[in-house]
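Each of the next two complexes has subunit A plus one more chain, namely subunit B in the first and subunit C in the second.
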Partner chain A sequence: MHFVLEQVLTGLSIGSILLLVALGLSIIYGTIGVINLAHGEFIMLGAYAAWALKTYVGLSLLPGLVLIFLGVGLFGWLVERILLRRLYRRPLDTILATWGVGVVLQQVVRLTAGGDLRYVELPPSMASSVSIFGVEIAAYRIFIFVVAALLFLVSWSIMNRTTFGLKLRAVVQDRNVASCFGINADRIYSLTFAYGAGLAGLAGAIVSPLKSVSPEMGTGYVVDAFMVVVLGGVQSLFGTVISAFALGEVTGVIAFLQNDTIAKATVLILIISVIRFRPQGLFVAKVRA
Partner chain B sequence: MKLTRRRFLQTSAGGGAFLAGAMPHIWSKNSDLVWAAGGEIKVGVLFSLTGTTAIIEESLNKATILAIEEINAAGGINGMKIVPVIEDPASDPATFAEKARKLVAGDKCVSVFGSYTSASRKAVLPVVEKQKNLYWYPTLYEGRECSKNVIYTGAVPNQQQDEFIPWLIKNFGKKFSMIGSNYIYPKEENNYCRKLLEKYGAEVVNEEYVPLGHSEFSSVINKFRQQQPNVIFSTVVGDSVVALHRQYKAAGLDPAKMPMASLTTSENEIAAMGGEAAAGHFTSAPYFEVHKSPENEKFVAAYKKRWGADKVTHFVSEACYFQTYMFKQAVGKIGKGDITPNTIREAVKGVEMIAPQGKVRLDGENLHTWLWPKIAQAKSNGQFEIIVQSKEWLKPDPYAAYPNQVCTEKGLVEKKV
Partner chain C sequence: MSKPPQSPLRQRATGFWQPELIGIVILIAAMYLMPSVLVDDFLISKYSRYLVFGLLAMALSLSWGYGGILNLGQALPFGLGSYCMAMALKLRTIPVQTGADGLPDFMVWNNVQQLPWFWVPFYSMTFAIVAGIVVPSALMGGLGWFMFRGRVTGVFVAITTLAMLVVVNLLIIDQQQYTGGFNGITDLAQLTIGGIVFDAYNRTTFYLIASVASVVLVFGYVLSCTKFGLILQAIRDQEGRVQYFGYDVASYKITVMAISAAIAGLAGMLYTIVMEFASPTFLNVPLSLSVVIWCAVGGRGSLPGAFVGAVLVTGMQGALSESKTFLDTWTLVMGVLFVLVVLFLPSGLAGLIGQLLAKIRPGDGHGQNGTVDVKSSHPKEIA
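Up next, the complex of A and B:
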C-alpha cells in the first residue's frame, strides 16, 4: 500500500510539472493554432526573471510570481503584435519564426546574464518534506501540484465561463463569422497569446528552484510540453491534464522499476503508438459543425 | 570562355603542379617543418567558448592563457615566446577534430592544450596520432587509454577512488548506491568502484544511469529513501547535477546520514547549484581552491586578478595551469632547432614541478600524472573544507580496473594474471 501511494504521489508530482509547462502551449496551440517553438524560451525567461528579481531587486520567488506572469505575458503580447500577426495565413512560417525568436532569446540571455548555470532559492517555508500517510514528499512539490491545479481551473474558467472565453471560442470556430458579429478577433488572439506566454513564464519561475537555470533549459521543456499536448488532443484543455498526469504516472513507475533512461524511451514509444492509431490525440473537443 | 571538362582538367592539373612546387612539404611529410620559427612557439588552445560545455571550458581556456601570459612575461622559454592559437570547437566532438587538424596541420602548432569531455578527446585522438602531435588533456577521466600522443594531467579512477572509497566505508557504512549520467565516464568509474567495494566487503544496492541533461529525480530519490544506502556514489554531470542536489535538498534528505560522494562536483558546480544545496556532500579530487600552499595562493590571486574576483579555480583549471608549466619545462630542455612534438614528449617524461596542489610528476611510462588525492566536504559558502590529504602522491594507473593490461612506454601490453 505504501509503495502504491508513493508511486501515485511521485507520478502526480511529475505530472503537475508537465501540466505546468504544457498549459500555456496547449492554450496557444489549441486556440490560435500557432506551433510556438519559442515556448521553451518563454519558460526560460520566467526562470531568469525569478533569478534576476532575487539577485538585483531582492524580491523572493513567491511575491515575484505576479510580476513574472505580467512581464513574460507582455513580452508574448509584443511577439504576437509585431511578428505572428503577419503570419497567421502561413502556418509553416510561424514555426520558423517562433523558432527564430527562441534562438534570439537564448543568445540574448547568454550575452546579458552570462552562460553560467544559475539557481533560484527555494522559499524557506517549503524547504522541508511533509508526510502524507507515511509517504515523505517535498513540500515544494505539493506546492507545484496545487499551483498547477489552480492555473488549470483558472484557465478552464476563462475559456468556458467568461465573455472573453465565449468570444475566443467563437473566433476559433469561425473567425470571419465572429468578426461579423462585432468581435475584435485580433485583440482576442493577442490577449490569448499573451496569456499563454505568461503561463509559460510562470511555469519557468515555479520549476526553477528544483532544476538548473541556463539559457538552453527551454529545449527540454518544449519537447515535454509538445508530447503532453499532442497526446492529450490539441484542442482539449481537459485532455492536456489527463495526458500530463498519465505521462507522469507512467514515467514515475517505469523509472522506479527500471530507470529514467528506459522510462524516457518507453514514454516516447507509447506516445508514438497512440498517435499512430489516434492521430487526433486521446481527447477531442466536441465542436458543432 | 566556356568551361569544358577537358579545359577544367588541364587547368586544375597545372594548378596542382604549381602548388606542389610552391609547397613541397605537403608532399614530403614533416621534412622541413619549422616548429619554432622566428623565436615563437605556437601552441593550440582548444576549449569550447560556445555550446553546452562552454560554461566550464571557458575557465580552462582562461587558466591556460593565464599560464602562457605568465611564462611570456617572465621571459618565455629560452628567450622564445609562446604564441597561443585559440580555436572554439563549440562543444561538438566533430568540430573538435576539425579544429585540431587545423591547429596541427595548418597552424603548425607544436602541441595542443584542450578538451574537457571524453567524447571530444576521443574525437581528437586519431588526429593527433596520425599527425604525430601532442595533445595535453587536463580533465579527470575514466582511464583505459594509452596513447603516445596525449599527455594526461587529470586524475584517473585509482587516484580519485583508492583512498576515497575505504574512507567512505569507514565513516558511513557498507551500503552504496550508484547514480550516474548515461555515458562512458560514469560506467568506467562505477566499474572500478565495484572492484574496490568488493575488496572491502561492501555492497551495491542499486546502480543506475539517467540520460544526459536529465532533470527529474523524483524516482531516484524515492529509491534512496526506500533502500537507505549509507553512501550515494554520484557521477552525474552537467546541469543534471544541479537538479539532483536541489531536489535532494527539497526532499529533506540528510547529507549527514546519506551523503553524496562525487568525483566531479567542483567549486564550479557548487556555484551553479548554490552552497546550501551542496553543503555536507563529499568530493574526491587532487585540488580544491581552499588548499593551503604558497603556489596555490599565488595561482588563485593571479587568476582572480586576471579574470575577475568572482571567478573560482577548480581541479580542472588547476591542471590546465600546471600542464602549461610542464610544457615550458620540457621545451626548455630542448635545443632551439630540435623542438618537435616528439622531442617534447621525450623531454616531458619524468618532469617534476610544484603545482598548486603539491609536487606533481609526469609518469615516463604512461604519460599520466602523479597527483595528490584529497577528500573534501562542501560548505554552504560555496567552498570546500579539505578533510583528508593523502600522505603521498599517487601513481596514475589508467588500467587499474583491468589487471591483465598495462600501459607502458611502448604502448598497451597484455599480461597474464
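Up next, the complex of A and C:
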C-alpha cells in the first residue's frame, strides 16, 4: 500500500509539472491553432529570468513570478504581433517560424548568460518535506501541484466566465462573423498568445529549482507539452489536465519498471497511435455546431 | 542563366526543358568542376560532406516541396543508412580487442558474447548497401502507410515524424551493446569496391558522391515530370480535389515518402564514408530540423534549389566555424535568416530566381517557367 501510494504521488508530481508546461501551449494551440515550437524556449526564458532576478536583483523566486509572467508574456505578444500574424494562412510555416524564433532565443541566451548550467535556489520556506500517510514528499512538489491546479482554474475561468473568453471563443468558432459583431479578432489573438507565453514563462520559473537551467532545456519540455496537448484533445482544457496526469502516472510506472528511456519511447509511440486512431484526442470538448 | 533551348513539342508547363532542369545541369557541371578549383584534399573532403547534405535536402524537397508532406524526421532514414554502412565497415576492420569471431570492440566492452543476428548479414557489402536503401525506405514507407491510411494530415504529420525520429534515436542510444550507444560506431575500415579504395580525404570519394548526387538529381527531376510527379503536386495543392477524381491519394504520399527515405538512406551511407563513423547525432532532432532550414532557404519546391541551399548554408557554417565566436553568432544569424525566409520568401532562393527570370523575359515566360510561377505565387497552397 505504501509502495502504491508512493508511485501515485510520483505520478501526480510528474503530472503537475506536465500540466504546468502544457497549459500555455494548450491554450495557444486550442484557440489560435498555432503550433508554437518556441514554447520550450519561452519556458527556458522564464527559468533564466528567475535565475537573473535572483542573481542580479536579489529578488527571490516567489515574488519574481509576477514579473516573469508579465515579461515573457510581453515577449510573446511581440512575437505574435511582428511574426505570427503574417502566417495565419500558412499553418505549416508557423511551425518553422516559431522554431526559428526558438533557435534565436537559445543562441541569444547562450551568448549573454553563457552555456553553463545554472541553478535556482529553492525558496527556503519550502525546502522541507511533508509526510502524507507515511510517504515523504518535498513541500515544493506540493506547491507545484497547487500552482498548476490554480493556474488551470484561472485559465478555465478566463475562457468560460469572462467577456474576453466569450469573445475568444467567438473568434475561434468563426472569425468573420465575430468581426462583424465588432470583436477585434487581432487583439484577442495577440492577447491570447501573450497569455500562453506568460504561462510558459511562469512554468519555467517554477520548475527551475528542480531541474538545471540551460539554454537547451526547452527542447525536452516542448516535446512533453505537445504530447499532453495532442493526447488531451486540442480544444479541451479538461482534456489537457486529464492527459497530463495520465501521462505522469504512465511515465512514472514505466520508468520504475524499465528505465527513463524506455518510458519516453513508449509514451511517444502511444502518442503516435493516438494521432493516428483518435486525431481529435482522447477527451474532446463538445462543441455545438 | 542562358535562355532555355526551345523544344516545339514541349511548350506546356509540364515541358521537359524547365529552368529546373537547367539548374540541375549547371549544378552537376559545377560539382564536377569543383576538384579542379579546390586543391586541398581537406577542402575536398569538406565539400563532399556538403554535397551529401545537399542530397539529403533534395530528398526532403521531393516529399515536402512536391508532395506537401512536411517530414520533420528526415534525419531518421539518413541516420539508418549511415548505421547500415557503418556496421558493414566495422565488420571489415581488424579489431584491436577481439572477442569471438572478431566482435566489434564496443560489444566486447559491453560483454556481448556473440555477434547479434542482425549484424551477421552485414559481412556482405552488397547486403549492407541494399539494406542502407531498403531499410530506411521501408520504415518511412511504413510510417507513411500508418499515417496516410488514417488520413493524418498537416501539422500532425510533422509531429508524428518528429516523434518517430526521437523514438529511434532514444532506442539507438539506449541499446548500447548493439549500436555503440552514445559514441556511435567508430574506427571503421575504408570502403573498397572492386579494388578502388574510398578514402574520405580522397578524390575518388568526392567523385563517388558527385556521381550519386547527379544521378539522383536527374532521377528526381524525371520523377517530377512523370504522371506520378504531376499528381503528387496536384495533391499538394488540392488534396480533396485529387481524391474526388478517384486517385488513391494515400498511396501516392506513401510512395513519395519511401522514395525520399531511400535517397536519404543513400545520403546517410555516403556520409559514413566521408565522416568515417556513425553516431546518434546523425539522426537527432537538430540535424533533422536543419534539413528543413536548408530546404526552405534554397527553395522547397525546387530540387536543385534545395540542394544548393544545403551546400550554401553548411558551407558558410563550415567556413565560419573555425572561430568559436563566429560559430555562435552564426547560429543566431541562421535563425534570423530562417525566420525571414519563411516570412517573406516561402519559395526560397530558387523562387527568387524564378521571379527574376519571369521579369527578365515576360513575353515568352508563358508556360516556360510555369512550375516556378505556381510555387512562388501561391505559397499558402504549398503550406
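By our rule, the second predicted complex is superposed on the first by the 289 of 289 C-alpha atoms of A that agree within 3 Å, B and C clash if a C-alpha of one lies under 4 Å from a C-alpha of the other, contacts with A are read in each partner's own complex, and residues count from 1 in each chain.
Note that contacts are C-beta pairs under 8 Å (C-beta built on N, C-alpha and C of every residue); 3 or more make two chains touch, one makes a residue touch a chain.
All values derive from a computational prediction rather than experimental measurement.
Once the two complexes are overlaid on the shared chain, A:136 sits against subunit B while remaining clear of subunit C.
Contact with subunit B, but none with subunit C, is seen for A:118 once the two complexes are overlaid on the shared chain. In the superposition on chain A, A:144 contacts neither subunit B nor subunit C.
When the two structures are aligned on the shared chain, A:264 is found in touch with subunit B and with subunit C. Contact with subunit B, but none with subunit C, is seen for A:10 once the two complexes are overlaid on the shared chain.
Legend: residue contacts after superposition of the two complexes on their common chain; A:210 is shown touching subunit B, with no touch to subunit C.
Within the superposed three-chain model, A:44 lies out of touch with both subunit B and subunit C [touch as defined at top].
Using the contact criterion defined above for the overlaid structures, shared-chain residue A:256 touches subunit B, although it does not reach subunit C.
In the superposition on chain A, the residues of subunit A contacted by subunit B and by subunit C overlap at 259, 261, 264. Contacts from subunit A toward subunit C in the complex involve residues 35, 83, 86-87, 89-93, 95-97, 99-101, 103-104, 107-108, 110-111, 219, 223, 226, 230, 259, 261-262, 264-265, 268-269, 271-272, 275-277, 279. Listing the residues of subunit A that touch subunit B in their complex gives 6, 10, 13-14, 17, 115-119, 121-122, 126-129, 136-141, 209-212, 214, 216-217, 220, 251-252, 255-256, 259-261, 263-264. Listed in rising order, the residues of subunit B touching subunit A in the complex are 52, 54-55, 58, 182, 208-211, 213-216, 218-220, 222-223, 225, 239, 242-243, 246-247, 249-252, 271-274, 276-277. If you check the complex, the residues on subunit C that touch subunit A are 70, 72, 146-147, 150, 152, 154-156, 158-160, 163-164, 166-167, 170-171, 173-174, 285, 289, 292-293, 296, 328-329, 331-332, 334-336, 338-339, 342-343, 346, 379-380, 383.
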